[in-house]
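Here's the structure, in structure tokens; my notes come after.
Chain lettering (A, B, C and D) follows the sequence in which the chains are written, and residue indices restart at 1 in each chain.
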Amino acid sequence: MNFTLTEKTVVSVRFNEADPLGIVWHGHYIRYFEDGREAFGAKYGLTYLDFFRNDLVVPIVSVDCQFKKPLRYGDSVLVETTYLDCPAAKILFDYRLWNAATGALVATGSTTQVFLDKEQLALQLNVPAFFEAWKAQHRLPKTTQP
Amino acid sequence: MNFTLTEKTVVSVRFNEADPLGIVWHGHYIRYFEDGREAFGAKYGLTYLDFFRNDLVVPIVSVDCQFKKPLRYGDSVLVETTYLDCPAAKILFDYRLWNAATGALVATGSTTQVFLDKEQLALQLNVPAFFEAWKAQHRLPKTTQP
Amino acid sequence: MNFTLTEKTVVSVRFNEADPLGIVWHGHYIRYFEDGREAFGAKYGLTYLDFFRNDLVVPIVSVDCQFKKPLRYGDSVLVETTYLDCPAAKILFDYRLWNAATGALVATGSTTQVFLDKEQLALQLNVPAFFEAWKAQHRLPKTTQP
Amino acid sequence: MNFTLTEKTVVSVRFNEADPLGIVWHGHYIRYFEDGREAFGAKYGLTYLDFFRNDLVVPIVSVDCQFKKPLRYGDSVLVETTYLDCPAAKILFDYRLWNAATGALVATGSTTQVFLDKEQLALQLNVPAFFEAWKAQHRLPKTTQP
């Protein structure tokens, strides 16, 4: 069985994202990850707004990025965002960024998100019903609650 | 009589604010203006939070900037923010940005803000009581209502 | 005769571009203008890289923006970028930003750019040959030199 | 022996760094790390410009951040940046971000940088002489070359 879901999107490097060395400043990759999550969310019904309508916010609690090759102004980046199913009340994404023209891997990374209820911003220790339903809809395994 | 108030603050140019030409990308100056307004607000009791506590938000409705000299990573910018009193229900600021080391004028600009009530986000055609009191406190002339 | 050229592009509002009021922070509109110029440049052969290959850089010397309606996360912005022909050695663009879903005008603005040679960064008082050729190619009137 | 060096600096959260949830967007923490490195560099003679004058650039090849508590507009962040000595031709920094008012730990993180020569952008497998001298000056152990 396949317990991952993937979506790809292409992002153009903006002039203002390149630094005095002519290469994209490393902090902007975090934005590309978010662009990737958004494209994933748009395809699979999992944008910030979808969570919000279900009284949830899903803040990032951890992010990491490994930089392999520089990106320059004028480059296009293929962002490949993969949902990794996990038994805990967390949302894990992996990212692979490719130079769309050369096919070179330019960066990898991952993020972890948790579930808070929108009003109290209290951490949800169990997977919320909305997300469990979303997983079922995409044939991902039911979470074993702690 | 002096119908203006001024505050100065120094901002350091961040590495990630310079573009591939090695000079600060023009859009970042809008940030420096906001840094200037914040420093002004901190001195004169007029930050976004002061407005918010008085049930007001004061969005920018107009901004302009003229760029005179480039700024580079490592430069310090002296931001001089001047409140210009005006008879309408608006807040006007002028900005002068100087290279702190050379004294050269690097940019000028201005912003216009209006008053909205925090809940309805409805435009306030008259100057709100909070702001009229703030003006009186700083010996600025009472606004002639329309 | 038509002395203007126009291109349209659609930009999605990113989550991280909205501020605590839930609306796009005003400084990000400067980025949307740049996205508009880039789309224009991609269509008409006038990106930063096209200038650069012709030993020119074209910094912004003036920008202004008038904000009409708020934009929110999830909105799409139609950026309409119009080249305005001008007799001086300058590049003028006008911008109109529309809410792509509602058709409401959300902002207007303009930028002015000048020509510098890439090596010395010296201001070019006459329109460079590259740009004069570009204008001829698009049936824009020849510049009357000063 | 103490093989680390630390510097602290305070960063004010800008209005435009908070997102629609009212909390600082996670990507901006990467900027706070850079502010911390800059403060460290200013104290210990190790800014990007110091490297550049020694024909080196030191790009980030890896970054990670763990988010513990939200930051809001108006908060001040104490950024504690620690240089961790390492035997390889790398520069390691650890970061601890504290809410300056409450003393709460808001985030931790780390970065890894490598040495490239400025002209060829070729990876330096050995620690460059400039950096070895910098280490000696700060009584850090000499690197054992591979």
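To be clear about the criterion, a contact is a pair of C-beta atoms (placed from the backbone, for glycine too) under 8 Å apart; a residue touches a chain by one contact, two chains touch by 3 or more.
Predicted, not measured: the structure shown is a model, and the values here were computed from it.
J.: Quick check: more C-beta contact pairs at B-C or at A-C?
T.: More contacting C-beta pairs are found at B-C.
J.: Relative to subunit C, which chain's C-alpha centre is the most remote?
T.: Centroid comparison gives D as the farthest chain from subunit C.
J.: Please compute the C-alpha centroid of subunit A, do the same for subunit B, then give the distance between them in whole Å.
T.: Each chain reduced to its C-alpha mean, subunit A and subunit B end up 36 Å apart.
J.: Per the centroid of Cα atoms for each chain, what is the distance between subunit B and subunit C, given in Å?
T.: Going by mean C-alpha positions, subunit B sits 25 Å from subunit C.
J.: In angstrom, rounded to a whole number, how far apart do the mean CA points of subunit A and subunit C lie?
T.: 31
J.: By the touch rule stated above, which residues of subunit A touch at least two different other chains?
T.: Each of 15-16, 21, 27, 31, 34, 73 in subunit A touches at least two other chains.
J.: Quick check on the complex: what are the subunit C residues that touch subunit A?
T.: Counting only subunit C, the residues touching subunit A are 12, 14-16, 31, 34-35, 38, 47-49, 73-74.
J.: Per the contact definition, I'd like the list of subunit D residues that touch subunit C in the complex.
T.: 15-16, 18-22, 25, 27, 73
J.: Residue numbers of subunit C touching subunit B in their complex, please.
T.: Contacts found on subunit C: 21, 23, 26-27, 30-31, 34, 57, 59-67, 70.
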